[in-house]
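Chain IDs A, B, C, D, E and F follow the sequence of writing; residue 1 opens each chain.
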Amino acid sequence: MPEVVAIGETMVVFCPEQSGPLRHVDRFVKRIAGSESNVAIGLSRLGHSAGWISRLGSDELGEYVLREIRAEGIDVSCVVRDDQAQTGLMVKEIHEGRETRVYYYRRDSAASRMSPADLNEEYLARCKFIHLSGVTPALSESCREMVNAAVTLAKAYGVKVSFDPNIRLRLWSVEEARETLLSLIPSADVLLPGLEEAKILTVESDPDRIVDSFLSLGVKIVALKCGEDGCLVADADTRQWVAPFKVRRVVDPIGAGDAFAAGFLAGLLEGRPLKECGRMANAMGALAVTTSGDFEGLPNRSEFGTFMSGQEVVPR
Amino acid sequence: MPEVVAIGETMVVFCPEQSGPLRHVDRFVKRIAGSESNVAIGLSRLGHSAGWISRLGSDELGEYVLREIRAEGIDVSCVVRDDQAQTGLMVKEIHEGRETRVYYYRRDSAASRMSPADLNEEYLARCKFIHLSGVTPALSESCREMVNAAVTLAKAYGVKVSFDPNIRLRLWSVEEARETLLSLIPSADVLLPGLEEAKILTVESDPDRIVDSFLSLGVKIVALKCGEDGCLVADADTRQWVAPFKVRRVVDPIGAGDAFAAGFLAGLLEGRPLKECGRMANAMGALAVTTSGDFEGLPNRSEFGTFMSGQEVVPR
Amino acid sequence: MPEVVAIGETMVVFCPEQSGPLRHVDRFVKRIAGSESNVAIGLSRLGHSAGWISRLGSDELGEYVLREIRAEGIDVSCVVRDDQAQTGLMVKEIHEGRETRVYYYRRDSAASRMSPADLNEEYLARCKFIHLSGVTPALSESCREMVNAAVTLAKAYGVKVSFDPNIRLRLWSVEEARETLLSLIPSADVLLPGLEEAKILTVESDPDRIVDSFLSLGVKIVALKCGEDGCLVADADTRQWVAPFKVRRVVDPIGAGDAFAAGFLAGLLEGRPLKECGRMANAMGALAVTTSGDFEGLPNRSEFGTFMSGQEVVPR
Amino acid sequence: MPEVVAIGETMVVFCPEQSGPLRHVDRFVKRIAGSESNVAIGLSRLGHSAGWISRLGSDELGEYVLREIRAEGIDVSCVVRDDQAQTGLMVKEIHEGRETRVYYYRRDSAASRMSPADLNEEYLARCKFIHLSGVTPALSESCREMVNAAVTLAKAYGVKVSFDPNIRLRLWSVEEARETLLSLIPSADVLLPGLEEAKILTVESDPDRIVDSFLSLGVKIVALKCGEDGCLVADADTRQWVAPFKVRRVVDPIGAGDAFAAGFLAGLLEGRPLKECGRMANAMGALAVTTSGDFEGLPNRSEFGTFMSGQEVVPR
Amino acid sequence: MPEVVAIGETMVVFCPEQSGPLRHVDRFVKRIAGSESNVAIGLSRLGHSAGWISRLGSDELGEYVLREIRAEGIDVSCVVRDDQAQTGLMVKEIHEGRETRVYYYRRDSAASRMSPADLNEEYLARCKFIHLSGVTPALSESCREMVNAAVTLAKAYGVKVSFDPNIRLRLWSVEEARETLLSLIPSADVLLPGLEEAKILTVESDPDRIVDSFLSLGVKIVALKCGEDGCLVADADTRQWVAPFKVRRVVDPIGAGDAFAAGFLAGLLEGRPLKECGRMANAMGALAVTTSGDFEGLPNRSEFGTFMSGQEVVPR
Amino acid sequence: MPEVVAIGETMVVFCPEQSGPLRHVDRFVKRIAGSESNVAIGLSRLGHSAGWISRLGSDELGEYVLREIRAEGIDVSCVVRDDQAQTGLMVKEIHEGRETRVYYYRRDSAASRMSPADLNEEYLARCKFIHLSGVTPALSESCREMVNAAVTLAKAYGVKVSFDPNIRLRLWSVEEARETLLSLIPSADVLLPGLEEAKILTVESDPDRIVDSFLSLGVKIVALKCGEDGCLVADADTRQWVAPFKVRRVVDPIGAGDAFAAGFLAGLLEGRPLKECGRMANAMGALAVTTSGDFEGLPNRSEFGTFMSGQEVVPR
């Protein structure tokens, strides 16, 4: 049984080979994109066993997503294939001098039809952590119910809940997001918010007050991601700022938060002190941004060890 | 005002650069696909004015579709941009030794939201033909109403109705298709069915009895596409088989029916006898299949003339 | 009838997919390049009607240029196709650490054969501006005559003349350029010179004296493009420096001058004060340099409005 | 534990994107190539569990091979990573009108260092079949010992041995090949030779005499692959020719033998009669040649069922 | 000093990566195209020394042509670089079901400025053959003079003249071609016409009468290329039909005539009887058509020997 | 006879078209990589004659290497083709934010089998310089002997020896490298070390002491490459720091050292004072880093002259 089970949607992305408005782009490559599966991949590369639960269409794009995640050594035995719905898809538009845009074709996707019935009680009961994000309850009513059911199951079996708010305002309004996420957060054993979304959720702006706010809601451990300021990690007893790692150049920031989560959970699984978990999280985030792709640059354990020890990652 | 106004959905297609299951394909190019816009393009290349009515998302993929169709000299002044829905998308999967597959991401697309309100009465009143296909009423209830409204308008203003049944069983059942299309077909001044779908609609298998059946429903002119047997054209007074043109090699059969429709309508616009219209239709179909792409191989008038006159189309 | 009619050559460019000396480059993509058509595209995207007059070969490259410009909604009804000459072509060579080089194959191109006979008097008489550049008179004697004839027609019908000196020393000598351009400039209602070429033309180096010099020649409005210093706009009554917009990163400077012209003319068409025209021109220039391609990054009106109002251009 | 464990080398292939002599080819794509892993993939797609044993370098190319095979749901838990040797590599050269050439960079590869120590006794003891090919003993002395050890282990635990002679004269001489393979073949419970190599091994040319010869050596079941004549399957009691399936077009013959093996073993695992095993083998071979790639075109069970039942494999 | 000196223009070709009208093609690769340099390459690959005389622009495309020809081991010491003119260029358009089209940008190219002054007397005096084609005198008046001067020099020094009529009706009229070529042909020691152009030149249609006609004009050796009928070789004393070689599939017919010439000249240089020269010529032509590219598929001597001896060309 | 003969291995490199771990890269282009051939190319582009001695497999990759080097006008008449071994190959892995990695497939390559027998005494005796690097003796015992033999021959005929230590720790240990290189260095007439490897060899860290150390070993001229500090050039009589040239942007540092060597040797061949040689070397190094590719950006003499004279290298 995997140590960590990540639950959520992974889509196929069509990524442009040129930058600029899509009307002028004619070539695309296919990749996958899913926050929760990124966390599972990060953990697997660091040597921890991970599983992924989701729904995929009984189509070739679903086959592709499944292959990619299985290729990383993730257990996919609980993934459901859905004959009635398609695998979600998105198209990216990259601007060198402006923000990246995405066009979603995920409404009514197979994953949006996840429901409590997709959860295998025995499977979840035997892992150490489930990892969820705030994207999933935004997908549909049945997804919201599934998230709640997963949390309930976890609590019943003493499985810890890791939660990344991951607020996407393309999917719901601030009000909806706040209401739903604030009902979930008190169940989180580990909460991994980014600073901006934490401000939205707590209506605080100071990191310390944000952390106080989450802890007072019942969260056991908070790891607040503050970008170039590193992270602030805290539980009821301790609280520390952990300085970030330096990288030569930020190549692609997407996936950094998921890498952070993977590093943090790896630390917890290994029984390390909070500060060390924060350092591992920061190191993973730093390595993620030095390669293009949402997860492609995540290190294996030996590269990770080399980087953590302050050495350049060099050729074998 | 355009001579012919074509009405229907045009999607963006992601076409694989390699053949085989999509899970193993990593590169795609972007094209457009729309039966009715293909007809408009065919007419425009032959020197006739054409317009296109549809809905597109206010997104980059919609911008792309609009650019491509406008590039062909089609009037797009009545196209509606929709802030609430996206431009439809499909992904192709090409098998060298088996059938091509397509994956649609068009449900709730902007075009599926076309409704009678999208029809500009003055614009339609002044053209000679409207061209419709059986794909549109399969998209949504409001599309079906729009098609009915367009036919009613055409009848009111003495505009002729050209109709291609174009049955797509991915979009509806045989029963639904028959019921809806058979209610539309009696209004067709020009009907352009393929042999197989004509069999479904008339429950006849002999070309002559098929034609009889359509004429008895009220259709004014029938041009029955019979592939390598050429076409059978008929109205109340005349009926003739028209032999097909030879091509060196069939490169890509998609779009042949639309090219046929464009050639036939061009003949009618030029006041040619039915048999000549059938020859022009056959010639367009033949030229269409010698180039990849749904419309890219359609000839301009001078290439068309050269081909019709039995000469090889050669370099200038 | 279009509000602005741009007149000039647009070529096909073969752009390398790799940088470095062309001998080592093996892949190219096809684009279009034309200063005057860029201005027309910029105006069209901002919501103004524009036409383009030129000559193209009766060849596939001409068809491509025509499609691209028509795709942008530009009126091309006065473009002449020439059976006797080919569409101009150029090959680009990109050096990451040195200057870009271009190799022209445009001598005796179809566009170099433009002559006064290509000008449709009625068409020109009904627009508000014609836009010309100093490239055209450098192409051939008949082009020079055509430019003169266009100016004469404009003056006869009260159409305003917009002129961009656009000195290209690959096409003629400084002496030839000065002599010809100085004979044209007094007819300009709007002159849009860059600082360096303005120095050549006026033999002044101070922006204010340059502007004085042009105004004294009879120019009605001068908008002097001074790069990172913004622009200096002036007419007989007013004179103002307009500060430039900031961009995150200059991706491709080519086309900035044409975008500037489009923004400035849009302002004039909308009856805005000179300073506001200068701001619009600066905004267009700034947006142009943030995307690769000569015109591909030009904004539509809503993106433009967002940028002008100081907000980030973000995904819909 | 997997039902079938395949053992052998899988290399990375650099495949040219153009045909012709490599000196003129400048673009390549990366794929994997391994006869035994192809068999495992075929079985996995048909719904059977399969494992793969090999050695890979501790390098990125090894990582790639591992990802691709794991992506197919193959158990790779017994694959050894080798710090002292690299993953084998080959470069393909494709000639449209002549034979394909390959350039091997596999000498001293990680897989050539496989040895009896790489075999996990418990793992092998619990499967139903091991699958071996004649490539492996040609790689090195230690590989030959490993193959012998695997056969010995299989015999000890009642695991059946499936063997494909797969003679590659690039790797050894006819004499060496005959000597080594003839010492292995008597241990084969299932032998899957091609007609040409069977002639080399038995010095017979008639299929029936070839089969007699193999059976007399002790082989339990022979499935002789005779290309367009189908296959001849036999054991001590029965012998039958099984007609081949028709395919529209042979796109890529490579991998057909491996697909055949997978189909045959699937039939045996399902307890089907020999003739039905031969039909399944033929069907797999037919499907394999309709797609490019060594294994990419292998069907999943539902596509396989559709094809076996004589229906076109059509879009869902 | 080279045994054979080929004289003529070599251009850069932009070849489309997709088929169909160029307006829809967006990617191109760069190659070289030149009939005479193809002959030199063919000879060099067969082990004979060859030189090439031409003019190239002092530009990167000229550098590219020079590199490609030098890469083949051709002596390019007499090639002139021209600061005043550009290297010729052409764009190809490939139609799968129709004729290939080419668009020339070669007028006033550097090579069209070749003149008698470009011929190094000492260099030419010491070779055994000069090879010329009918393309060169069609390029310009000075090229025609250069060809005449080369023939005169050859005659003066006892150097043999090889001539391929190579009539290109894009460059001149039938009348001009006949007049000019018929004035050159009597000087040919070796004439290598294709059947169709031979009919134009001799106004005969029967191969034997064509050969008679050329011999009566003073030609020493005629090798008439008759495609699938092989070739008819003749001199004053002997005359023989030489059967063609079979090829699996004709991949690209361009360059077959040049390969034929190289094979024939190689035979003559090696002192072989005419019939054997014809066989070598046929073999080269057969090998040329099995690979794409004008010269890329030409064999080296060992591949050539294998093919001549009737064996398949197989991997080393 | 060439002025300079460079001796060493040149491999084929498969370069990824995307950055990141190779497991996720699917497209590669082919290039060549060889330090000594780079020096020969640099000299040839500057107008000096150069030859290259090596061994290549009798395979297509060897053909490719030979074509590329011959394309540059390098004399390759002494290159040996080896039927028994393959051309060396390497695969590159590019990381935008970390170090580039390379995977070698060069063990037992054709070049590693170079031996004293490959040296043509007469050929070497007549050149002015031989150029060697420390890579070659690291390849094999026979290569080491060949290097020694080349030095001995050079000394016997008064040919000068140019030597670049080029320590590659992937090929041997520091101890092996030091021992072998220190035995060769005393024979160097020109030594071209980088600062870091010079520290390893001399166990000094101060540039002046490093130079002293090398001179005391018997080296005639030292040019110590110190990157952004320029170079320190010295012989028994003079010693000078030479300031580096500025470049707009370092695009690709690989090949800078070889370009430096070519510039320095060109200066010596032209009899220039040491300081001028150093300036030429610095200029070549600066130009090399402004283009991607190991040698592709090297200038011809006229570009070099323009750059040396402090002017921008601009389009013709």
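Simple rule for what comes next: contacts are C-beta pairs under 8 Å (C-beta built on N, C-alpha and C of every residue); 3 or more make two chains touch, one makes a residue touch a chain.
Because the structure is predicted, anything quoted here is derived from the model rather than measured.
Enquirer: Using the touch definition from the top, how many steps at minimum link subunit B to subunit F?
Expert: 2
Enquirer: For subunit E, which other chain has the most distant CA centre?
Expert: Computed centres place A farthest from subunit E.
Enquirer: Identify the chain pair with more contacting C-beta pairs: D-F or A-D.
Expert: If we tally the contacting C-beta pairs, D-F comes out ahead.
Enquirer: With chain centres taken as the means of their Cα atoms, state the distance from subunit C to subunit F in Å.
Expert: The computed centroid separation for subunit C versus subunit F comes out at 48 Å.
Enquirer: Determine the centre-to-centre distance between subunit A and subunit E, using the mean Cα coordinates as centres, and give it in whole Å.
Expert: So the centroids are 64 Å from each other.
Enquirer: Multi-chain contacts only, two chains or more: what residues does subunit C have there?
Expert: As it turns out, subunit C has residues touching two or more other chains at 21, 26, 59, 67, 101, 316.
Enquirer: Just say which it is for the chain contacts: an open line, a closed ring, a star, complete, or other.
Expert: other
Enquirer: So, with touch as defined above, which chain pairs make the list?
Expert: A-B, A-C, A-D, A-F, B-C, B-D, B-E, C-E, C-F, D-E, D-F, E-F
Enquirer: Spell out the part of subunit E that touches subunit B in their complex, as residue ranges.
Expert: It is residues 18-21, 24, 95-102, 170 of subunit E that touch subunit B.
Enquirer: Hey, which residues of subunit D end up touching subunit F in the complex?
Expert: 14, 21-23, 25-30, 59-61, 63-64, 67, 86, 89, 91, 93, 101, 103, 105, 107-108
Enquirer: Using the touch definition from the top, list the residues of subunit C that touch subunit B in their complex.
Expert: Touching subunit B from subunit C are residues 58-59, 67-68, 70-73, 316.
Enquirer: Help me check something: in the complex, which residues belonging to subunit F touch subunit C?
Expert: Touch list, subunit F to subunit C: 247-251, 289-293, 296-297, 312-316.
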